[in-house]
Amino acid sequence: MRATPLTSIASLAAVALLATGCGQGLLGGGDGGDTAKTNEPIVLGMLIPQSGSEAAIGPYMSNAAQLAVDEINAKGGVLGRKLELKTADDACDAQSAAAGANKLVTEGVDVSVGGYCSGATLPTLPIFGKANIPMIIPAANSQELVDQKLKHVFLINGTGTQQAAAAEKWMTKQGAKSVALMHDNTSYSKDIALRTQALLDAPGGADTALIEAVTPKESDYSANITNVLAKKPDFVYWTGYFQEGGLIARQLRQAGYKGSIMVGDGSVSPKLVEIAGPEAAEGVYATMTQTPDTLEGAEGWIEAYKKKFGTEPGPYSNQAYDAVRLAAEAVGKAGGTDGAKVIAALEAIDGFQMFSGPLKFTPEHTLSNGGFQILVVKDGKITLQDSLK
Amino acid sequence: MTTLLSVSDLRLSFGGLLAIDGLTFSVNEAEVVSVIGPNGAGKTSAFNCVTGFYRPTAGQIMLRGRSLRGLRPSAVAALGVARTFQNLRLFGELSVLDNVRAGAHLWLRQNVLDALLHTPRYRRSERECTEQAHHWLDFVGLRGDRYGEARHLPYGEQRRVEIARALARRPDLLLLDEPAAGLNHGEKTELLDLIRRIQALGVAIVLIEHDMGLVMEVSERVVVLNFGKEIADGRPEDVRRDPAVIEAYLGSDTHA
Amino acid sequence: MTGVPDTTPEGAPEDTVRSTAADTAESTDGSATAGVARAAAPNEATGETANEAPGPARKTAEVRRRGAGRPPTRASRLLQNRWAGLAGLLLALLAPFVDATPYALSVMTSAAIFVMLAAGLNIVVGYCGLLDLGYVAFFAVGAYTSGVLATRLDLPLVATVPVVIVVTVVAGVVIGAPTLRLRSDYLAIVTLGFGEIIRITANNLDVTGGPSGIYGIPGLAGSPVAFYYLTVVVVALAVLGAARLGRSRIGRAWRFVREDEDAAEAMGVHTYRVKLAAYIAGAVWGGLAGVLFAAHLSAISPGSFTFLQSALVLMAVVLGGMGSVPGVVIGAIVISILPEILRDLADYRFFLFGVLLIAVMLLRPQGLWPARSKEVP
Amino acid sequence: MTQLIWNGLFVGSFYALVALGYSMVYGIIKLLNFAHGDLYMLGAFAGFAILGAVGGVSSSMALPVLLAVLVVTMAVTGLAGVALERIAYRPLRRAPRLSLLITAVGASFALEYGMRAAAGADPRVYPLRLGGSSLEVAGARLTLAQLVLVGVAVVLMIGLNLLVTRTREGRAMRAIALDPTTSSLMGIDVNAVISRTFFIGSALAGAAGVMAGAYYGKIDFLMGFLIGLKAFTAAVIGGIGNIPGTMLGGLVLGLLESFGTFWLGGEWRDVFAFGVLILFLTVRPTGLLGERVTERV
C-alpha cells in the first residue's frame, strides 16, 4: 500500500461514514423500538463463566436453561412468541462480565437470567439497569447485590443470610457449644461466615470460637488448622469451595479433630468426598439449597436433563432452569417484554412453584424462603439429613 | 600549575586480595598523565576508585580539594570527571548521536514538564544537545553513520564515539582506559593527535595504556604500578630509565 | 496494519515533506538546525538554499555530507510515525460511527484503557529495561483510591484524580525505593510479590470493601459514547506524553540505563533516581488508567488485579515491541480485542500467550512494530 | 508450639526441595527459571498419570509403589526440564537478561495452561494416598506419612549435596557457575553440564510434586505458581546459588509462615511471606548463607 497518508485517512473516514449507514453506528439511529418486536422471539440472556477458574459451572447452568426454554417452546412459547436463550462468558471476572453484559444488551436481550460469580455480577447490574432489562439472578447471592436495592434485580438463590440462618439452626440442634468458622476470603464465603458469626453471637446456644481465613488454591492448611484446634471447637463450619473443603476436612481429621464438620453450598460436590478421602468425609454436614438429588419428585427432571445432554445436572442447574421459567411467567403476566412491566409482574408473583418451593419475593427481591437444608456424607454419598422444616 | 586531582595512599582490597596498595599520584590542570604497568597491576581498579565504581578500602581522592570518596559514579561525573572503559561500553542499540547525547545529560536544562509540553526551552535544549553531539563527533573525526546503531560501527569508530561521549560531558578530567587497544597504526596516530587536541581544550587526561610509543609521546608524566604498588612516578624519559620499572616489565615479560 | 500510511519519500508530495519537516522538527530528537542541515543534505536535492544555516551548523552539515551518506528517508519516516499516530487516533474517534452498540463501546473502552496500561508499563520495561511483573498493583491503587474516595466521600470521580496521582507516586516510591537497587531478575519477582501484597491487602481490608470490592462508583461521563470519547482523549494524551517523555532527557537516560548501567553512571546519570523516575511515571500512568477502569466498570474487586492482568500487560508490551510506542499500542489492542473475537478459545488463551511470549523472544525479540533503532535526523 | 514448629518444618521441606532447583539453575546460569514451580505441577500430574496406568494397588503396597512412581516421575520431569532449557533458554543464553526472563514467564504460562488444556481445570485426586495413623511427639501431632516424606526429602537433599561437593560433575557445575567461558576453555562441556543441572533441579521439583500429590491428594494446573514464588523466597532467604543455604531457607520460610499464620491470621500469610522476601532482598540480598559478592556501588 503506497497511498499517501492524507488519502488513506480520507478513505478510512469515508469507509467509516459509509459503514454508519448500516445502522449500528452513532448516526444510524434507533432500531425501531419495541413496537416491531411482537412476533420476534423473547430473548433471554445468560451470563455465566465459560472460561477461567469457574468454567466448569457454565454448562450446568446453560444446559438447564436451554432445557426450560425448549420445554416452554414445545408448549407454544409465551404470548405466542418463542423463547430464545443467548449466553455470554463472564469468566468470573469483572471486565469480561461487563463486556459480556454489554454484548447481551446489544443482542437485544429482554430478560437476564444469568449471574454466577458475585464479583463478576456486580458490574453488570448498572449495565442491564440502564438498558431497562430485568435481572433474575440464579446463583450469585452476595449481600452487595441486595444492598443496592435495585429495582430490576431479583435473586432466586438463597442468600448468605439465609444460609447462615440454616447453619445456625443446625448447629444449635446438634448441641454445638463452640464453633470455628473458616472461610477462603472470597466475598461469598466470607459473607456467610460473618453472618453466621452474627447469629451465633446472640445470647444462648453456641458461640464462635474463632474465624479463620485461609488462602485458596493451596495444599497445606495445617497452620490454619493448628489455629482452629487451639481453640478446641466442637463444630467447624467451612463456607468456601470444595477444593479447599476436602483438604481441610482431611487435615482436620489427621490433626485429631473429633467434632463435627459442616461445609457451605459451594463445597457440595462429589469431589469433596474424593479429595477428603472416604473416611475423612464421612459424616460431614453441608448447608445446601434444594437440588434435584434431594428433591422428591425431581427424578423426571433429572432424566430429561440426562437424555438431552448426556450428563447429570450439576450445581445451580435447577436454579438456572427456574430462572428461565420464572422469566417466562413474568413476561406472560406482563403481557410483553417492557422492563417496568416485567419487574412489576415479578414483584407480584405469589406461589409460583420452583425447586425451592412456592415463590414470593421479599421487598429486597430475595426469596422469602431460602430453602436451605442439611445434607450429610453417608457411605461416600451426599444425602439429605434434615430439611429444616 | 594547580593540582586538579590528587590521590594519596589509595588502598583497595577484594576479600583478602590487595588490588591497590598505597597509590599516590596527582594530576595538574590540562596535564596528560599515563598510568602504566603489567596486567593486573591495579590500573583499572585505580580508575574505578577515582570514578566511584569501587569503594577504596583506604586513602584519599581529592578533586580540586573536594573528596570523591564515597560518591557514586554519577556524582563524580557531575564534578567534572569523564571516563572511557577498557572494554567498550557504548549503548549498542542506541544511535551514535544518542550515545554522545548521554554526555550532555548533566548540563541539559529541561524538566519533565518541558518534555511533556514541548516548551520553547525543551526545543532549545534539544537543539543545543544535538548540535553539541555533532560537534564532538566532528571533533573526534567520526566517519561512520551517526544515525544508526552504535554497535554497527567498526571497532575503531566505536572507540571514537566513546571518547566523543566523554567529551560531551565537558569534563575537566578525562580518564582514558586503553584507548589504543585494538587500533591499527594509522588510527593510533589519529588518537595521538586527538589526545593533544583534547589537552588543548584545557582538559587534563589520565591515560592507561600499554602502547609505550603512545605513552612516551603524549604524556607529561608517567606513573608505574606493579602488584598494586606504585614503583615510579616522573617524566617519561626518567621513568623509562628507572631500574625498578625495567625490572617489573622484564620480570613480567619473562613470566608471561 | 492496513490503514497505516506506508509512505516513501518518493510517494510523498514534495511540499508535504517540506512543510512538515519544519513544524515537526520538535517532535523528534532533531533540532531546527538539524532540520535545516537535513534540508541541505545532498540527496534531498530541493535546490533551496534559503534555509541554509549559518556558522557551525553549516559546518556540521558539511561534515555529515562527507561522512554519513544516508538516503533521506527521515522526513518520510517522521511523517509515518506522526501520521500513524494521527491515523490511529482518527480511527478510534470514528469507530463509534461504525458500531456504537453497548458491546462494541464496552470492548473498545476496555481496549483503550489497556492501551494506557501498556504505555505505562512500556516506560518501565521498554524504555528502562526493568521487568515489572506486578504492574497491576498501580492499576489497583489508582482504581481503589478513586473508588474509595468517590463512594465514601461522595466526590465526583474527577476530583479524585489529584489524590490518585499523589497516592500512585507514593506507591511508586514505596515499591521502587527498596527494590530498584536489586538485580533485574530479583526485581521481577519482588514486583510480583508486591502486586500480590496489594491485591491481598485490598481483599483483607474493610475500607476497600474486602473481597467483594467497591460498587456504585460514579461514571465520568453521561453516556457510554461520551465516556468512550473521554477515554480515547485521555489515553491519546497519555500515549503522547509517554512518547514525549521517551524522547526527552529523562527518556534517553532510561535507555542509557537499559543499555548499560555502568556507562550511564559514568556519564553522570544517577541510575537509581532515573529508575525510580521510570517507576513513578509507570505508576502514575497505571493509576490514572485505574481511574478510567473504575469509572468504566462502576464496580471493582480484587479479582480484577491478579498476576494474570500484569502478565497480559507485559504480553502486550513484548508482542508490540518493547520501547516502541506504536508497537505497544498495537500490542495492547491486539491483546485486549483478540479474546473478544476468539471467545470460544478463551480456555487456550493463556496457553497461546505463553507460547507466543517464547516465540516472540526467540524469533522476533523486537516485537511486531519495533522501536526505531535508526535515528531520524 | 511444637505443633507450629513441626507444621513449619514439614511445609518447609517441600519449599526446600523446590527451591533447590531454582537455586542450582540460578547459581549456574544466573537465570531465574520462572517456570520452575510448574515443573513441580508437572511432576504431580506425571505421577498421577503413572499411578492411573498402574491401576489399583492394595494399601499395603502403597509405599513401595509410590516410591517407584517417585523415581519414574523424577526422570520424566527431569527430562522435561532439560527440554525446556533446550527449547526456550539455550538459544537466548547470550541475549539480554530481560529476554530470558520474559521467556521464562512465557514458559510458565505455556506449562500451566497447556496442562489445563490437557487435563482440564478441575482438580484431580490421587488414587493412592499416604494416610496412616497419627502419633504424638512432644505435643506435636504428626503422621507416619509425614515422617516418610520428610525422610525422602532429607535423603534427596543430602544426595544432592554430596553430588555437588564430592563428584566431578559437581566440580564442573561449580566451575561453570564461577566462569562459564574459562570452564569451556578448560574442556568442560558447558551445555551438557547445564542440561544435567536442569535435569537434577527439575527432578527434585517433580519429586516434591508427587509427594504433594500423594500426601494432600488434590492436584491442579495452578498448584505450582504459588509454591514457585515461595520457593524463590526460600532460596533468597537462604542465599540463592548456595545449596545448604537454600535448604535452610526452605525450612526457615516454612517456620516463618507457620508462626506468621498463628500471629497474624491466615489471610495475611502470603503478605507476610512476601514481606519477608522484600525485607531480605533489601537488607541482606545474599541471604543467610550466601557469600558477600565484591561490593560494587
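For clarity, chains are labelled A, B, C and D in written order, and residue numbers in each chain start from 1.
Throughout what follows, a contact is a pair of C-beta atoms (placed from the backbone, for glycine too) under 8 Å apart; a residue touches a chain by one contact, two chains touch by 3 or more.
In this text the structure is predicted, and so the values were computed from the model without any measurement.
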Problem set entry | Remotest chain, subunit D as reference, centres from CA atoms | B
Exercise. Does A-D or C-D have the larger number of C-beta pairs in contact?
Worked result: C-D
Problem set entry | Geometric centre distance via CA averages, subunit D-subunit A, whole Å | 38
Seminar exercise, completed: Between the Cα centroids of subunit B and subunit C the separation in whole angstrom comes to 37
Seminar exercise, completed: Whole-Å distance, C-alpha centre of subunit A to that of subunit B, is 71
Exercise. Tell me, which residues of subunit C touch at least two other chains?
Worked result: 203-204, 347, 349
Exercise. Got the subunit A residues that touch at least 2 other chains?
Worked result: 55, 185, 213
Seminar exercise, completed: Shared-interface residues of subunit B (touching two or more other chains) are 52-53, 72-73
Exercise. Any idea which subunit C residues touch subunit D in the complex?
Worked result: 125, 129, 131, 133, 178-179, 181-182, 184-186, 188-190, 192-194, 196-197, 200-201, 203-204, 307, 311, 314, 318, 322, 347-351, 353-358, 361-362, 365
For this session: Note which residues of subunit C are touching subunit A in the complex, please.
Result: 2-8, 11-13, 16, 79-80, 83, 86-87, 90-91, 94-107, 110, 203-204, 210-213, 215-216, 225, 293, 296-301, 303-304, 339-340, 343, 346-347, 349
Problem set entry | Residue numbers on subunit C that touch subunit B, as the complex places them | 26-27, 29-34, 56-57, 59-60, 63-64, 66-68, 70, 74, 241, 244-245, 247-253, 255-256, 259-260, 262-271, 373-377
Seminar exercise, completed: As the complex stands, subunit A meets subunit D at residues 53, 55-56, 185, 212-215, 217-220, 222-224, 226-227, 243, 246-247, 250, 254-256, 271, 274-275, 277, 279
Exercise. Can you name the residues of subunit D that touch subunit A in the complex?
Worked result: 3-4, 7-8, 10-11, 14, 121-123, 125, 129, 131, 134, 141, 143, 212, 216-218, 220, 222-223, 226, 257-258, 261-262, 265-267, 269-270
